[in-house]
């Protein structure tokens, strides 16, 4: 994990771009959550994330969700399916009977990127312990122990190549 | 680790018999602690442990220590260098200025076997956090996260073969 | 007349125990939490409280005692709230003991403008305290109930998460009451400002401390030692020769007591300032003291005077020694410090020590030390552990790489955002004193760290309430925002930015504790702080520093007084009615953007019980539990008709953690909406809500349809966009409740 | 005469606060802990108490607030002791409220044989309570100080590990005092045995419960609801028609109150017994209630009546409803249970419910259920998780493998050692109800689980003390052993085995709480329990059940009374002198072999402050902190001469965790040695020490030279071996101190 204090009995599996791509393909109701860091990441990385989002939406009908103000950046390239606070979103996801943004029910795979690490960790903790009905994957540069799958700790360069790789696999 | 609740940021490395043998060879002041479970383990395993102890003592001058009543079994085969309560022992080991059982100072490598898991875990925790001057290795059948090196979780059969293997490497 | 009867009743019943009637409050809690459901985010999924354990409760499994992860979270929240409440109670108790010692018959301060001096206490217990002795009974009750609540956290006691939460809410309420009592005592005993809008300005910031003078630094939350130091200086007539300054709430309190006292800054500056070597003597009282303060001061030859049995730091108890002997023992370094449990003796010892030590001190030593600190830059191995353990995730490694090249600017930027926790130092392979390095890199900035804050004014007056009661309840004043709690957030300007955004719009902004300091750390282009720019009255566009953490009681008190003075609600033993009124009719929202402590948990939970929503910063999610409402029409009662009606979910949440400033600002505006708003009030509130949402999030809020009852409430400038949303959502106009209530 | 003056003094000072004078006690603590140094074993190396965190304190690193791992351990110990002390205090407070309600002028029970009824309270505060009202003031003080101590655990308060420990010791002392007060109230209010050596016998064990009758099960620690049930039955004259039984201390207390009441067993039997479906109604009061009791009872259609605001389990508060309505609501399952805060109403509702439900219940259902439980054996996948999470590390998987083959014996053996924590069930892949399975496998054993325990007798009398004071202080009676705390150890016979080993040798054995029960769970070849075999007087070879957890106060009280009655030490506000006397002259040792809770932490820490050593079982190491002395000659003062002298390190440790029964038994004997022993007394004590060491460890103890002052003290039968050791160690004879002291 990124910060050693965040140790926990069951820790996320490390996800390669390939694993992520396969998981999305298998999912019935996938969602991609883009957090507020989108407004402050290096432009190159932001652009890569946005292209991944576009592809996911177009190819696999992934529900794109903007949280925490990422809409300011996101909306220039892509209209998300929903805009919501991250805690409100987690609270919905936690509820197995949530009807979803489209009235078709809850989601089964949630990808996250760009939600600040510490609040993301807490949100992932809620889902890990109280939402057995879904799986989570984080595509951030810091490994997230509370996710089901997570990218490893990455430098910006490696992160970029992970994202590119993912893009090529979708 | 054996019990998932005993997770901790820095976890023991898994020790093969080879690693243990090498560590003993390198050590300047090694100690082997034999705990009370010696009185209740399957005889085959107890015998193997005792032979390891004998070899360690004879070949590498390892200080043999009996705790918790293991002397009842141990003394039939081997006179230990010391008999002491496990907590008293840990308290001594923790003290960098302890003069040792022979007046020659503290020890640098401590092997443990047969101390009941939960009190052993706590003792190892004390040494891990407050005794940077020494290293610990556990030869039990249950993996000990708080040791520096530990055998993995083993069935009795595998444990026996680990011990035999160790004996052959000393 | 009514008052007299109550007081008489109290005298007659003197033998009867004061009580909060917890069972009645529990009923309110269960009702409240049926609207705002607990949401849990475990920070740790293990329990290590008893020897059944450690138990792994992951995936909501049960541990050895039968508790599951959800209940365990509620239990830990209760434990934290008990710790917080105990801290404020024990603080108030200490002030009470000093008051009884100095003047056993001390009357509580009153004023023509403030009739109800203890709104929280009176609402909960029915008692209207007049003397310090009256408060002793209330404190007895609080201590009794904290003990009961703490007992409920023991293995094998409470077994229901909502009941754990009810108890946490109760701990929060007791915390509020203890704070009110503490404030009343110190205001009365030290004659502090009591509801003055034009209170004096105080200098704040590391740059304001005059290093040429002997410097006494007071750290903590308890006014007593600092006040005694000031008294002793005045006695000697050398108050202009010695710099008395403080960190945390002690600073706020001594600067209420003396216009000369200065505020170094909030908690986040503690380590930095001590390491700067500016202080000649450090006096610690209680709360918010770094646990390694003695170790650090010792390494810099600064004697530490401990003054509280709660934070004795292993120091010898020299309370009964002569000042001469204590001073000698400290000068000869027989001890690194002393525990002196007599504040007057502390005053003398601290001053005399500072005068002597200043003489001995050589400025050169400090400059040399700073140089050595800079030297250590080249030791960096770029292992990156600093980045990994930084709670703010600041780019420390990257700043070090730049620093090696000779560019200190990035390190100096770290200083701006750093909360001084020191974890980077602990994990540094080369033991580089990073926190100190940020300070040295930012030396020039620090010289200019000079700001002004209005001194803590104490309660809001009845006169003010009378003026703003109606506009607040009807929504013409769009809301009252309370900025409270520690400043452990990671961007120096968040708080001033938020405050000004709402001040500009005519909201009333009140601040307490480290938040009231943090708001001062910003100047506009004319060099003015917000306190200089905005007036200090509890009225449209006013910015009030209510005082220290204890002063949060005044913010809640103001809400209670609106219910009492404007709506004529009787207070005595009338908690559920008052809280229901606040929840449904008073547009107040608290923001604890950098909340760190268990006290903050208790304060926020107490506010929640009164129906006041709280927004936390992203790290606030670590408190493990939020209370979330549902984003849909809410069924509540219209008491006028007795009918259940569908109305807006306002406030939407009771306590929520925001991901970012951008999320928080529109949310603050939204959480000021209340079912009771008039159409005009609602229109004003929605205008700000939409405005801020567009500015900070980039869109018209998608839940806007929930808050519009009829077309007149649609802000004119957003008519098109809003109508589009209303159409999409199948919106229909609806009646507003006349007397909204959840009772 | 002296007494009168004191009482008069108290009356005159009525207005003055009662105080424990913590600063004076802190001095004692620092002295005590200079001999017995804290030893820390972190159970977790993280801190997650504030939002600086989580912080990783591994390797003694500092966290964001500056605390390091060592101090964090001390802090958590203090927190645990506060939780424990709060629990007993709140328990005593509840009893006080009932007493004041039933009889505001209730006089405390006295007897010709017991002059000092509150030795702990009197020693600490100087107050000699005579009425229940006198106790209210003491409780106020305890609650005030617990609040202060809890405040010290807050982030940013205490910063020294020894001061954290001093506060933990203080919390322990407050806990002791609260227990004493609780006992005094319940003994006085319910007229319980008050120092009777020949108190009646009580039936104990799962096999003693008559299932043909309606069964009311009381779980917890508070006598009030159980006593009310018994009263109501007697009122109706059907006390022989309904079985009233209890688990944990409530069981001990109701069986002191009524000779008919039965004890099911200790905490470890709670889950098992509930799952057996024997109870028709479950009444919970406070403490030691499984957190999932409501869930489990609901699944078995057993209504739960909660009676305490501390453990309300989310149940509706029906305190103000009519019994008829409550009973109807519970019978129709409108609610799974009810909170009834009026013990008399509980009495009526529980009895009437049980009578009705027993009529409806069909035995067949339970037998069928047991059959289904057996069926589940074949579901087992042998994944082994049961073994991994079992705190006792019992071979559950292996027993299941045997069970699949049709051999239930190993599963039935698991029952004997299992503490019923249920973690195996939680982690079972197939959700097999393992705890229930152990019960079904052990059905035949359980039928024969019928034992006898002497009812809780209350305090030791002055008459007894007069008789044994000298032999204890001089060492002729080799020691007093207290078995206390929960029974969470993993071998059913450990406690009876230990007890008998010392009873045989003429030690005095006293027991409390679950330990006093556990000692009863064993019969000799003649079918006698130890209670039937050994007399009940506080004299050589006596086995005393003092009563519930609260009765631990009597054990400490007995030590105090020896100092007071035999040595004529005045008690009033004389804590350090009394504790110093106990530490150096009274051979008493406590054993908390299966201690589980935070209460146990507080009890043990309190005993430590009085100078009483405590031995924990191996799981006790999870309490994180022990107080260890050094195995070498100890420098203490001989007050007769005023000189510092080298003497034996006796007692060696203040609190220690033993690895095994074999280690514990000789250690108990060793920890009864005191510097004050006469040569004859020392000879006797060493004989037992060597005897037991040879028997359980296989050798003559190697530290024997430390305890021999001259050759006359060498036990004759071990002369050769001992002399050999003395020679090896270079032993020299030395003088015994005349008045050993650490003051």
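Residue numbering begins at 1 within each chain, and the chains themselves are lettered A, B, C and D in the order written.
Operating definition for what follows: a residue touches a chain if its C-beta (ideal position, glycine included) is under 8 Å from a C-beta of that chain, and two chains touch if they have at least 3 such contacts.
None of these values were measured; they are calculated from a predicted model.
Among the pairs A-C and B-C, the greater number of C-beta contacts is found at A-C. With centres computed as the average of Cα coordinates, no chain lies farther from chain B than C. Taking each chain's centre as the average of its CA atoms, chain A and chain C sit 34 Å apart. In this assembly, the C-alpha centroid of chain C lies 41 Å from the C-alpha centroid of chain D.
Between chain A and chain D the centroid-to-centroid distance comes to 51 Å (mean Cα coordinates, whole Å). Shown for chain A are the residues in touch with two or more other chains, namely 3-5, 7-10.
Each of the following residues of chain C touches two or more other chains: 43-44, 46, 53-56, 58, 389, 391, 619, 622. Taken chain by chain, the contacts link every pair, so each chain touches all the others. Every residue of chain A that touches chain C in the complex is listed here, in rising order: 2-5, 8-10, 35-36, 39, 67-69, 71-72, 75, 82-83, 85-88, 90-91, 94, 115-119, 122-123, 125-126, 128-130, 132, 142.
Residues of chain C that touch chain D in their complex: 22-23, 26-27, 43-44, 46, 48-56, 61-68, 71, 79-80, 82-84, 86-87, 89-91, 93, 139-140, 142-144, 146-148, 150-163, 267, 271, 286-294, 309-315, 317, 319, 341, 389, 391, 419, 421-423, 426-427, 488, 595-599, 619-620, 622-623.
Of all residues in chain B, only 3-7 touch chain C in the complex they form.
For chain C in complex with chain A, the residues that touch the partner chain are 39-46, 56, 58-60, 69-70, 388-389, 391, 393, 618-619, 621-622, 626, 628, 631, 656-663, 667, 696-699, 702.
By the touch rule above, chain B contacts chain A in their complex via residues 4-5, 7-10.
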